[in-house]
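Pasting the structures here.
Heads up, the next two complexes both have chain A, just with different partners, chain B and then chain C.
On to the complex of A and B.
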């Protein structure tokens, strides 16, 4: 959606995988703009806000996430947005068309903050990110956070650290004014991108158990502990194959897979969702960032004894003029040498390395396996000793 | 549909995002006799974020 707001994708219809009409053609009764008032578990019926009652034999909860808000006065003012659903993107784009927008503030420095900074800068809008911490995307090593910060600065995105937001009010030279601990900042548009939480309101009302993550507990068939009630996507937990724990990572690819698994089971054929390894990525301007598996903190929490190595290697052969540096960090278990996680940043090749390492995590490989993986080599696409080999062998020597 | 006297079960899906929409499509493929309803509080369904 940030690419739609930034005008890379021109037409919002391209974001819709399947229209309500397409679903209706297959005999699925789609009701949009319909709110669920209550699920009556005893009667087995879903009651809608308009009074309609839909009886069910099988119920699926795909309630997604709710964007977090700072909880400050004025945060519901016109011109203050969150970005979660397509309607949000359409409303932001409409606002940018209707109101002269010279300056935007992004509160939060996660994926959405990064992608939206790029989108707004591409539209020529002066953009500031206001962040609580010191570096963007704290899922990545601080050394990579600094590289990402530099990329923001190169593209004239102001990055304000240690920021606490206080209130939103009407501005003088711009439409809005955001009060912070560093003083008032004016802007025409404010995006609150401080994170999301699983929307498990209905599940809680039904008395379904939630995990420590706040998301709905499911089994490998996507069924909740209640027979015939399933949960899929951002509101549900997933089994993390590396930590062996149930986690909640709200990403569309996971939602697609869980949905397919639940749908297959409901359609009469058994299928299980084998879990995730936590692969994720984003692009910010000319930089790719990607991560998979566990970071040191998560690894320690999962009972491992983590060690890590961070290297700067060549994204392609060092002799090629278009070569750029690639930062790769690996995390492994001291006791077993098992790979536990990886992070990468670079202009090219970061995502491809992380995808390879996700497969390694999926298969439960050790550093010894990873250090000798047979990877496709040619000077324009990668060095003979790939950064993956270099990092694995470097870390192995440290164990 | 060769299902004899069996009546399709009622499936109600709350939420038509990537997860819910995938459930609807896959369940329909697997069992054409199912009666499937999908409820979405927004005005768009099945978004490729």
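On to the complex of A and C.
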């Protein structure tokens, strides 16, 4: 009987608590809250925290990521959270129910910071984002960062730049007090959202090689260099089709695909994971932001000669009443004209454009192709010359 | 001084009436309402309806399409319209202002029929679509046709199937009466929207070769077989990259691109129109419909061995409150696994998917590529396994 060892948490509706039972019917032994302490890969067995030893023929590591913490005194206080697992969400929701929560602090301005700012504001909670840098989500061009910042401001999210956190202590008017280089700030809830790193503790202990990314090295079948040991999801590397390098981009869709590839190979059917192009997106209030491929820095590191163009166009035809602005940036290689990456921001249509450009990156298209792509034109869904065309032609003139 | 001869109409705001003047400042002689009666290509001159003869070195034909009429008695009555030119829209709007318009009939169920049904319903006018066939927009799979039909019904548009029109006469309770095989129907306005054909009258008279489509044959520089004579837009053919044939798809974005290619070549800069993949879309009330590439019939005609799969998925993650269903159909070749076409219908996300798949068609991707495309995943903008992935993998299993 294959084992599935996870830390899946029983949620309020006991939906997930039923999972082990459901799986057992199909011959799979799912154990929740079962921490693996050690893998003895010579003997082919895992040792659980309760001392149980489970033998295996095939082992799949899906250990995910560990949220980073600032490493400051008091960061383990009650009311200070990270948001990585379902368990974390359940605990945050419990806190919001149990403590009158009027004010929240978010440390960090990545995807989690953006999404949680929206969620907390929608509950009417006064919310501040404390950020090391000057603009949110630094994967996007500063011009787009400013648009995202404005969206936060419109929704009364305070954004504090150049912030270093020092310590968490008990508050006076609120439950907690966060000491920073700008002084003390009080809040009822603090979310640490400063990033994640691949959880490769078991892999390291087994002597499996990690990449420069700190994630577990795998091949196109998701197998590690050790026969019969696979790694999938946020703890594993993926082949980036644009940079030609192995990267770690912890996203749910990539994890899903890798899991499928490992499963098929383990089951005796040949399947290969053909890699990624770095497509990603988030929504914050009424704004979509999406990106794909490489930014200029990554492109230069990969040995390309990046040039870029950033344009503002119409998400739908300019003559339509609900027309909204769409910002689109393209990055291409001066030497070959190859598209290398794209970023977009807008109320509608940003993800749509980035997905089309992700297909273009997948195929290795040049700007010449991108500038002529045949897209489904109709005034309510796009302009005759789509921002994709305009951006590609603008950048082509710069090369 | 280059000439620009069009039939652009002065609209209410006199915006377009200023066009000739604006162009003259830049050295271009634009003449509106200037009908070209004949082209003498040996002498290199066009003869206008008013007798003027204008010499040319280079001639661009942009004669567009002519709307088809059913060819029934009374179809030229006041209150019976086609919708092709700005002039037509201005005349329809004038009719709506001048005559108390309570009821409208639309003959035909293509893009124009759909869009005008929405426009007329939004004005509170009782609207019926009379259609020869059983379902609207027959480019889409019947399953999607039914969804579109339901959208029309929700918005109180009557849809009458298997209709043959016989004659238009004066009405009793409304201004007009349309005789059909189902009996007489009265209305204050009748829109004939039964299709268009390329307007190749001048081209034929010049002895230029037309394709099987009835549109003017051009090369990749938009030049006809006659040196110095170009054709662009709805009157010209385009190279279809999937079927490898020259087709006539009268759409504004294609016309725009072809105009640019002709202009650059005439101006002495080399530019090539790389063709189309047949991307198209329309919106009707709250529904998006989009399609690209070939349908099964076209694929078989082109010598492919089509197989198809139609799936219903989520436009955004199933866990999101505003989740809506998205229908996606893919067509691929059994022999090569190559993607050949796609169709989609949904409240959101249909055009987005079709544009991504249009990029895939442009690049000649197989289903294997499409099934792994890296798309920008986030729950508010798409599921982890996008309908694109699900449809591609479903179809792959059928091949």
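Heads up, the rule we're going with is that the second predicted complex is superposed on the first by the 381 of 399 C-alpha atoms of A that agree within 3 Å, B and C clash if a C-alpha of one lies under 4 Å from a C-alpha of the other, contacts with A are read in each partner's own complex, and residues count from 1 in each chain.
Note that in this section a residue touches a chain if its C-beta (ideal position, glycine included) is under 8 Å from a C-beta of that chain, and two chains touch if they have at least 3 such contacts.
Keep in mind that what you see is a predicted model, and the values were worked out from it rather than measured.
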Which of chain B and chain C A:337 touches, first, second, both or neither: neither
Which of chain B and chain C A:145 touches, first, second, both or neither: neither
Touching partner for A:202 - first (chain B), second (chain C), both, neither: first
Which superposed partner A:27 touches (first chain B, second chain C, both, neither): first
First, second, both or neither for A:268, with chain B first and chain C second: first
Touched partner set for A:256, first chain B, second chain C, both or neither: both
Touched partner set for A:384, first chain B, second chain C, both or neither: second
Partner chain(s) touched by A:346 [first = chain B, second = chain C, both, neither]: neither
Which of chain B and chain C A:306 touches, first, second, both or neither: neither
Set intersection of chain A contacts, chain C complex versus chain B complex: 252, 256-257
Chain A to chain B touching residues, read off their complex: 1, 15-20, 23, 26-36, 39, 46, 48, 54-64, 85-87, 202, 230, 232-236, 252, 255-260, 262-264, 266-269
Chain A-touching residues of chain C, taken from the complex the two chains share: 111, 241, 251-254, 256-257, 273-283, 288, 290-292, 351-352, 354-360, 362-363, 365, 369, 372-378, 380-382, 384-386
Of chain B, residues touching chain A in the complex: 9-32, 34-49
